[in-house]
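The two complexes that follow have chain A in common; it is paired with chain B in the first and with chain C in the second.
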Partner chain A sequence: MIENNCENNGENNGDSNNISKNNISKNNCDDNSDSTNIRVGVYVCHCGGNISDVICVKKVAEGLANYPNVAISKEYVFMCSDAGQKLIIEDITSGKINRVVVAACSPALHELTFRKALQRAGLNPFLYEHVNIREQASWVHKKEPEAATQKAILLTRAGIEKIRRQEGLENIRVGANKHAIVIGGGPAGMRSAISLADRGLQVSLVESGNKLGGRLLEIDTVYPTNEKAEDILETLKTDIRARKNIGVYLNNEIANISGFVGNFQATLKNGETIAAGAVVMATGNKSYEPFEGEFGYRTQDNVVTMPEFHGILCNIRNNTSTNKDFIHNGKHIQSIAFIHCVGSRQQAETHQPQADGKLNEYCSRICCSTTLQAVNEVKKHFPNVKVFDVYRDIRTYARFTEDGLYEKASKNGTLFFRYTEEQLPTVQGKNITVKDVLTWNEEVTFEAELIVLATGIVPNNITNIVEKLKLPIGADRFLSEAHPKLRPVEVANTGVYLAGTCQAPMDLVESCVGAAAASSKAAIVLGKDHIELDPYVAFVKPEKCDGCQKCLPECSYVGAIFMNKDGKAEVNPALCKGCGACVAVCPQRALDLKGWSLEQIEAMVDAIAEA
Partner chain B sequence: MNAPVNTNASVNANATSNPKADVLIIGAGIAGLQASLDLADQNRQVILVERNPSIGGRMINLSKVYPTLDCASCITTPRMASASHHPNINALTYSEVKNVEKHGTGFRVTVVKKPRYIDEDKCIGCKRCEEACPVFVKDEFEHNFGAKKAISIPFTNAIPQLPVLDINNCTLCGACANACPTDCINYTQQPVETVYEVGAILVSTGYQLTPANAKPQYGGDKFTNVLTALQGERLLAPHGPFGRVLRPSDGKIPDNIAFIQCAGSRDQSIGLPYCSRVCCMYAIKQAMLLSGSLPTADITIYYMDIRAFGKGYEQFYQNAKAMGIHFVKAKVARIKETEDKNLMLRIERQEDQSQPEEVQHDMVVLSLGLKPDWNPEAINLNVHTEYDGFVKSPKAPLQPNITTMEGIFAAGAATGPKDIVDTIGEACAGAMEIENHLRRMEWRLS
Partner chain C sequence: MANPPKILLLTTIASSYTGANTVGQAREQYSPNTYIIRVPDPVMFPENFYLRCFQKGIDGIIIMSSGSDCPYEGAYARLSGRVARVYKLMKEKSIPIHKLKLTTICTVCKHPFLKEISDMQAAIAKEKLA
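Let's turn to the complex of A and B:
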């Protein structure tokens, strides 16, 4: 029973019951002249208690110790830690193993960590398989520890079956076009363009409007420094003008864009084409547009949004003859109310869904400070105007806003009312009714001649680019980063970086930080001589391909698979994303995927199913 | 017998053979780690100076991190490992920056390496010394929950895996020296000063919590069952001191726990007027984790405003409410300890009936605020701070990493309270500013 035809690994006494014998002997003979050379190291991680609180990791490690080709099977508390990685490296360098399986968290977290460890030990990094026994076992089967342990064993067996059929792979190397496209000419886009240009990269800054500045153009001063927005803008513009390697495209848009890291091609609305190595998304945000009748918006002329209020304030202050009084629509305004969280922090019970059926559940981050800054401006210039502030939570978190804005507003006579999501304020003409938490939940009604809605922010409509580049969008409709802490300004598609509010609500400082971070990541990639891409791509076995072309319509990536002059299918590895759609339809099995071959997947399924 | 082994010992500041690097980073928390990796990936030589015996900063001390609830170790340890293995990064742990002076377009930085009382080249991290040592001291990594040996590796996944001998508590019994298989214990080791020449400096010195007794009426330093926020983190950490959640006074499993928000922030009376940004979210996270380990426990968060402003944070807050965590808008006036070590909170609700009332809990966590952990003005860097004590960012809206001194940059909580996501973003931005500065200065390692 031990003598299976897995060519008898001397170091292991494998239990042959669970292996599909034919596959193993055949494959191993194909890929490696001698399968006895395959020595797999299996490492089972406790992940603190994330795994070991549910799964008996010892049982998993012991249960796999005698599996064919397994030379070592261990458990350890944090495999990703330095000490954990060292275990693997030592086992490799001492010659005990030449394939590695780690059963731990999701590969999204640490597959790369371990591949790098293999590399440091001098082993091809693709002779590594990451088995997820946290998200796929311990977390989802908390109440069934035994079954979860069994499942972990099966999943790890599948991982072993896969890796024993794995050959070393090399990353695909492509050249990089030392040119970046920055989409969006707001502060984030401008900051990105400047930073990238300083790296010696050619930059194309594309803005759909007729001038640079984005939403900075809408406002008078920025919080908390009270600097003039136009001064900040002038600094940015001067910096851009001073850099010869920034090309600015106004009144223009991306009509078409395709390609991959190092090699993007964009066509602008005006027909011009740009070839670039990286794309920085700085597409920004717009103010939430209240629906008709939301707090009286568009059904009453005394209700305005925050950007509209900024316009009113600017007009009054620019008119030096009458700027002592707050006059709007010919009327002397004596009282102004601000209502917070309009279009933000929405909940199913109380809020009407948006046109797409979704609620804006998120906090827009900037509206509290923006509102309090406006409140203080009104109080400073028109001290006789009564100001009411109707809020849920005051979120003046940014530096100098708690003490600079909120503190000031609390002392300048502004009256605060606090509502909860259970009962929204109502607006009837001048009358605002709030169930005010601060006065024992009493219903309070007061009059305000002008009502300002502190509207939240929503991402700009960039459907065209999102579809062309297949960018990930979150439930909040903003672009999604690959991981908020590990890859905060990158998306899953390499070569595309997120700068500023296309990703989430942010204030000016945060947008500029995001922009610098995004351009740093882009510059690091473009600064190298070559860009390395994952080797998991489809390939054609020409002797099997009969030219039926069934694969062509399945491919979602332009140019990734095509018919060559011999009438056979051919893959462009730089464009192929390794999705496997072509492999699935090929009637001749002439197509296969590097690192995810049909044989590997069949063996993995067998390892699980035959148990 | 074991003379301090250090080849740099004789290097003096005027010698031309000072070791050189492109950038020196002060503080190897998550900001310093991120910035050093980004710079090293662009072929910059980085010296990463860390005051503590291990890199990893505050983050490695946390349980799980919001809003994804990833375990903090899972995000931090790989960064720590990458930095310590990177050929372009030289991590100097248990070392402090003593002096900085301008030198050409760059700086001369004096770094003092504190004695671990072991020969680091010979130590193999086997922990035999730790096993042999008969002296127990308080374990700072566990915030004094539990004890460790007077010679010990600071924590499980510390990098480097080298023990530090606590010379103040060591009885010089010789047990460790006898147990050491490589003969590396050196009771007479001395600090070693080295001068480095670098092109730019990043201050990423992070934060410390406001003191537990900042508001003495909360009894943070007197009552055993009143915990600081970081003690709360350790209690919930996968590798915490007790291995499960229990209250420190008697090991009882708590079932009525309170969090007091703004216990060290937004309070003029203690000289901390600003919002510390992270306390609402870490309290909600700890409450969620507690409710996971103790499903029947009552958990209450007393707050002023819930500031869940980051990406996905508001949704995280709403989930906590849906899980049954009580959010009470109230100010806590004082805490008294009862005979059985429970805690009597005098609170004033700011909603419903606004009368003072007394509420009993069996454990309380103080959501303390964040203060700067290092004052750059102490060493005459010409890096100024603001009235809040954090580094001044004179070009704040557009380039917040820039300080008052050209060539010195700042990132992370050094420029004000910041959560991990914002800190990492700012560290990436800092790496950008530094690289561009070095290019402008045409800095070259020669």
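Let's turn to the complex of A and C:
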């Protein structure tokens, strides 16, 4: 263990008592105006042997002991352990240090652990820097221990340089309106509204149509349980009616929406205004609309889309006199063909682009299971009808569908043909021609009286809300989450959450699970009287700002940066997302990011480059 | 022996920094002359930041952005525009443009991550030979 306590160091002897007093009584937030008052504690972790088996941690600690502003440099077997954290806490409370750098694993694992340790010691938790020398050094440079050690020293120096320039930060606190707006009254929206209401929040459920249900209204039965869609819908509606804290707005849309987490203001088309703390986007999807002539759609009356087929099935089943006979447009249908991947997995060579010039390159995920469900329903209720399934790949991925639906269809007499992306099937009247992979690319032509296109899904048009709230849209036109694994129902705009198929193609179960997750996230945020936001937002140094306004067009978030009455730029921390786009264009360097200032990053680069 | 070239990897908290961790978790090996800095988004860097890095002795910079999946509205388009302007400035100052590369690395992009490093190493080595 190496210590270079600045209290015993000639440079700082004179004021060590004052420093110690400041540390404890003033939370050490404001004592970095004089760099000699900055005393950094560096702690290098062995991580058992995960780091120390490759990197010489003793050498790292020794190499940093005399670095400017480093008061203590130690190595320890497990810094994240109680004993490791105690080392830091004791050094802080004894006044030896007022900044902390831990060189250890990824910050994703223990940055928060150490920030909390600082907090327990009475130090501002943001006076902490985490240096990753495990995932990004010892684990990836196993065969070069000396070079890995030198790299660890440089990375830790960079961390020291950053923390030397760090001021204590406070989380941003904004009030929380305990009211949520759920936009979209499909199953995801209904599920969200119920979950939010159960957590004690007032909910406004806004639906553009004249009834709740969304695309569930179009469906006959759902896979894999074969439940009637209308029964599921009735259960959801009953649950909504039973909750007095859910207000339903039918035939209504969001005309305007603005604000930030805790304080959104929405105006409906009927002029009514709603103030809410969170917004759940459950705007759903619609079925892909084939082009005229695409597989004979609209040019032949025997070609229908999957939603249209569901309507036909419902009508037949509601008409008991035609039991066992599949009658459509007055004709007895003896054969039906289903064509998969219509409007999904498109590629330039074989598909026509959409109106916006893009192709639907994504898999719509639900069509294979929906198609096989329909195939099995036909064979169950109309066993004499011949069924052909023309597919590219079978992707019945959900639980109980992977084997159940496909196997059932295979055993009930459905005839499968497989095409490739290079050669799509063609439709001419009743004739379908497929170059069939299953028979070694033999060209097969067969007749089907009714042709059903397994149409994919596309997101509903929500341009108005997207523009108003500046929501991120992916290349596939669906709303884009902040992170598919780490923040799957959030967007960069805090307080806005994604539920269901506005985000990506998903089935009913996934939509409802996503909706429950989104409402849980919203309920957590609105669960307290105040919302604490990360302090990493842009800020202006007014003395440097010359009012050039170059920052304004650079910001994508309405109201996040504006000119104040003194003609200087000013940031609304609740609206700023902390991307830093404005920082780059300020010629005076009057704008910067809290916790990630340009000066800090430049100093890190210098520490790496100049060594 | 001459010091190995230094390659700076500018990574995003949302994507590529986690991607670098994924590479580590998989124990994939790459050269230790690579230094990762995490930032919310590299769109925060003005054009002269990159020139300054080269001036200070950094031999190559790989900007590992979140690409079109960037959680910040419009940030990737702005970043691309900015990097295009940096290339122009680099040409004016006779700095080889292969020393700077804008890429997109996601949280699980192990092989693209390794390939970008390998490509940058090769480009710098070629330049040194020339």
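As a convention for this text, the second predicted complex is superposed on the first by the 371 of 611 C-alpha atoms of A that agree within 3 Å, B and C clash if a C-alpha of one lies under 4 Å from a C-alpha of the other, contacts with A are read in each partner's own complex, and residues count from 1 in each chain.
Note that in this section a residue touches a chain if its C-beta (ideal position, glycine included) is under 8 Å from a C-beta of that chain, and two chains touch if they have at least 3 such contacts.
These figures come from a predicted structure and were not determined experimentally.
Student: Thinking of the overlay built on chain A, is A:H179 touched by chain B (first), by chain C (second), by both, or by neither?
Tutor: neither
Student: Would you mind checking which one, chain B or chain C, touches more residues on chain A?
Tutor: Tallying touched residues of chain A, the top partner is B.
Student: A:L486 in the overlay: touching chain B, chain C, both, or neither? Say first, second, both or neither.
Tutor: A:L486 contacts both chain B and chain C.
Student: Going by the contact rule set out at the top, does A:K379 touch chain B (first), chain C (second), both, or neither?
Tutor: neither
Student: Quick check for you: in the superposed arrangement, does A:R215 touch first (chain B), second (chain C), both or neither?
Tutor: It touches nothing on chain B or chain C.
Student: May I ask you to decide whether A:Y536 touches chain B, chain C, both, or neither, giving the answer as first, second, both or neither?
Tutor: Second partner only.
Student: Which chain A residues are contacted by chain C in one complex and by chain B in the other?
Tutor: The answer is residues 484-486 of chain A.
Student: How about chain C: which of its residues touch chain A in the complex?
Tutor: 4, 6, 8, 14-15, 18, 20-21, 23-25, 27-33, 35-41, 43-47, 49, 52-53, 56-58, 68-75, 78, 82, 107
Student: For a test of understanding, state which residues of chain A touch chain B in their complex under the given definition.
Tutor: Those in contact with chain B are residues 47-50, 77-78, 80-83, 85, 105, 109-110, 113, 116, 120, 187, 191, 195, 198-200, 222, 225, 227, 232, 235-236, 344-345, 347, 361-363, 365, 393-397, 399-403, 407, 437-438, 440-441, 476, 478, 484-486, 488-489, 503-505, 508-510, 512-517, 519-521, 523-524, 527.
Student: Chain C touches which residues of chain A in the complex?
Tutor: That would be residues 106-108, 132, 134-137, 139-144, 147-148, 150-151, 154-155, 158, 470-472, 474-475, 480, 482-486, 491-492, 536, 554, 556-557, 577-581, 583-585, 593, 596, 598, 601-602, 604-606, 608-610 of chain A.
Student: Which of the residues in chain B end up touching chain A in this complex?
Tutor: Going through chain B, the ones touching chain A are 38, 41-42, 65, 67-68, 70-71, 73-75, 77-78, 80-82, 84-85, 156-157, 159, 161, 237-239, 266, 273-275, 277, 305-315, 318, 329, 350-354, 388, 390, 396-401, 415-416, 420-422, 424-426, 428-429, 431-433, 435-436, 439-440.
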